[in-house]
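Have a look at the structure that comes next, please.
We just call them A, B, C, D, E and F in the order they show up, numbering each chain from 1.
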Amino acid sequence: METTNATRGRKRLEKEQFFEDYETGTVRRTFGRTITETDFVVHAGHTGDFFPHHMDAEWCATQPFGQRIAHGTMTFAIGVGLTATQINPRAFTYGYERLRFPNPVHIGDTIHTEITIGETALDPKRKGYGKVVEITETKKQDGKTVMYCEHILLVETKEDHA
Amino acid sequence: METTNATRGRKRLEKEQFFEDYETGTVRRTFGRTITETDFVVHAGHTGDFFPHHMDAEWCATQPFGQRIAHGTMTFAIGVGLTATQINPRAFTYGYERLRFPNPVHIGDTIHTEITIGETALDPKRKGYGKVVEITETKKQDGKTVMYCEHILLVETKEDHA
Amino acid sequence: METTNATRGRKRLEKEQFFEDYETGTVRRTFGRTITETDFVVHAGHTGDFFPHHMDAEWCATQPFGQRIAHGTMTFAIGVGLTATQINPRAFTYGYERLRFPNPVHIGDTIHTEITIGETALDPKRKGYGKVVEITETKKQDGKTVMYCEHILLVETKEDHA
Amino acid sequence: METTNATRGRKRLEKEQFFEDYETGTVRRTFGRTITETDFVVHAGHTGDFFPHHMDAEWCATQPFGQRIAHGTMTFAIGVGLTATQINPRAFTYGYERLRFPNPVHIGDTIHTEITIGETALDPKRKGYGKVVEITETKKQDGKTVMYCEHILLVETKEDHA
Amino acid sequence: METTNATRGRKRLEKEQFFEDYETGTVRRTFGRTITETDFVVHAGHTGDFFPHHMDAEWCATQPFGQRIAHGTMTFAIGVGLTATQINPRAFTYGYERLRFPNPVHIGDTIHTEITIGETALDPKRKGYGKVVEITETKKQDGKTVMYCEHILLVETKEDHA
Amino acid sequence: METTNATRGRKRLEKEQFFEDYETGTVRRTFGRTITETDFVVHAGHTGDFFPHHMDAEWCATQPFGQRIAHGTMTFAIGVGLTATQINPRAFTYGYERLRFPNPVHIGDTIHTEITIGETALDPKRKGYGKVVEITETKKQDGKTVMYCEHILLVETKEDHA
């Protein structure tokens, strides 16, 4: 029956995972995306940050870094956005820790993101939920990390751990 | 080992299907997306089509259709774009047939797309490939079809059908 | 008198053509437009299709096609959009047939569209209308066709053909 | 022959006019376009002008003008852009005079532009050219002028006026 | 106290200047911004002006100017937008005079804007206001002026000049 | 002399602050900005995250949160972007800690950001630099915090603290 199939089709885009289903050390890797001059211009226009570090090629050429560098907020937003290919209806974002930008992104760099499941722990303050740390690393074509953060998820527990 | 996991993670975004794996009648349904005034403006700017049917609310109010209607090219592009959540590395697009827009999309309508596998047939002209028809229907919140087309795929065959 | 002139000015942007006014073989050619990396990024963002064929320069360099290729939906939308310079208030779109992408569009290609009036026929099911086929070909700077489709118009007849 | 037709088709988008062809008092009126919240956001992002007069609905509500008002630069750019439907290969822009914004544009207003040919005069300093003033008025749905300027064209003369 | 500090913080973004505070000859210079192909495409899409002078690299290569040239409306909008870093709550725009584009902007040029306070005069028709001319020059990396205009401000007077 | 003035003008956009100049408890407050449906659509397109929580008004209406909610990455990027009005050439970003989204941003909310200087400490590992914590809170019109994070700056010291 079509309706049933359609529902099943839709569910395929979701991947339901309870707290107990997360396994430390599992790695998920996204497709790559080349960061373009367009992304620089769009991000400046989206956020209102037109600082010359991102927008003025002439001035950058006189600086130690030599060329325009991506906004950190863009590297974070696109790095995280690359992972938005499957939804876990049992989880939601609690926050992010230790957000860092160890290396710059320049126009023409191609980035992808790797998520490694880190620490998992029941949340004593939230009965029925556990905390899962997704170590989120965005890397560029030469393997260098351009964004690191720890994404903290709150995930429903399958069983009563009380 | 991480590399192995990462590769496996990436493969999860792909869903390899040979010609023989397509089964007529299977349905896949995408998530929904609300079409906004922004989409109208972006599409006009992207294509250069600023016809008043899409852009002039005052004039539309004097017409039988009463309000701005989406560009057909946008309904097609977003309707097809909604399905871009998994890649089959064994298939590529041959073309589209019978593209129709049975009902208009207005600002605020929410659309999703349903793909039903239609006819499948070996391609006598292309050894090693078969043709698969994906009946592609984009519908809005009231169930009415706003875009219909037949997406023709060429898909590698698993076995030698010579 | 200004009002009259203004109305006449506006009408100049319209080109009223009844079914009988279409002449098979007439060709209309649009201005050219260079397809930029920006268009690739805008189209991905507009449709949600971030497949690496369009977005990942590093991966494309390892593939037979060697570089990013435009979304088919973009070549169609911009190819058709280029023709949106005059409105015929007596015609509307019935649909498109045989949409094909014989050659890829790469960043930096310059495209234009040629419309040739093809078959015209009264529509037995719709009294007062005839069908007109606009053979729509988008070509790039080297003359190769990058998009082909048959745009089917329904056009009011001037006379009663009953 | 196709090439000939195609060339003719292309020429239809151009309207060649020499200095002598401009007639004072002629009026040309564009199609209308509804200015949307999207246009406000796009213009802020395009120019970097995020002043609260254009972007902060809460603050605007406390001011005499009561709601967000369009950037003058946007009203000018879109008002002029609306006229870009035909090219005169014999003319180019010399500049603009007396640019004014007599009434504000708000989100949801529908504007069109009327061009009236004003003064025309041979240019004593540029042999072979004359100056043509295009009085350019952008109006909104209630008839009020939201942008006024005098667009000065330099246009080739057909004959030798020396 | 926080509220007080916050208010003071906000006020720092404003720079209150009465008519009497403007001093002829004062110069203000903005940061630079590299004009990208993205800006060309965004401006065409924002205004609807897709003329080949701005959009068709192949055709431009056959013309005396050799490459795509920025829309004048864009050079004006971005040139003025660069100055939008401080608000004077005592002033508003009356209009612009003598808008000129002495040299073209090409893709990759880096522009900045210099504002020089020109003539200041009490406005006999508007008691309590004076007119201030801001000579606005946008220049590119080689020092050439790409946009010139005179921005006319109406500014409140501090004292009663009646 | 003009050059001198121009340089001075440019410097006004910079606000040089050494480590010793930061004073715990100082508050800086930005202008406000209304978050529009356009921002939602632009952010989805910029990052590729088209999850229905941000994009599907119909589905959201069936959920406890009732309406579309902003991407956390957007609230962060715009919240931080609002502060990009003055450059301190002596400081650069080390990273962000404790990024949280205590309340959702909906279409139509108006946000501003308040930065409070928190802890300051010499950096034992980086001679010549100190760490400054900017407590960054983005709030909406009802005063509720929608984004909280601690922005860690590395700032040059004026004096030798060895």
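The rule we apply is simple: a residue touches a chain if its C-beta (ideal position, glycine included) is under 8 Å from a C-beta of that chain, and two chains touch if they have at least 3 such contacts.
It should be emphasised that the depicted structure is a prediction, and the values quoted were computed from it without experimental measurement.
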item	value
Least hop count linking subunit B to subunit C through chains in contact	1
For subunit A and subunit D, chains touching each	B, C, E, F
Between subunit C and subunit F, the fewest steps along chains that touch one another	1
Same or different residue numbers at the subunit B/subunit D copy interface, by half rule	different
Rotation in the CA alignment of subunit D with subunit F, degrees, nearest 5	120
Counterpart interface for B-C, drawn from A-F, C-F or A-D and sharing over half of its contact pairs	A-F
Between C-E and A-F, the pair joined by more C-beta contacts	A-F
Gap in Å, rounded to a whole number, between the CA centres of subunit B and subunit A	27
Whole-Å gap between the CA centroids of subunit D and subunit E	18
Between subunit E and subunit A, distance of the C-alpha-averaged centres to the nearest whole Å	38
Multi-partner residues of subunit A (at least 2 other chains)	31, 33, 37-39, 42, 45-46, 48, 50-51
Touch-based graph of the chains, sorted into line, ring, star, complete or other	complete
Of all residues in subunit D, those that touch subunit B in their complex	31-34, 36-39, 42, 108, 110, 141
Subunit D-touching residues of subunit E, taken from the complex the two chains share	33, 39, 42-43, 46-51, 71-74, 76-78, 80-82, 84, 87, 93-101
Complex interface listing, subunit C residues touching subunit A	37-38, 40-42, 45, 50-52, 55-59, 68
Of all residues in subunit A, those that touch subunit B in their complex	2, 5-10, 12-13, 25-31, 85, 114, 116
Residues of subunit F that touch subunit C when the two form their complex	42, 44-46, 48, 50
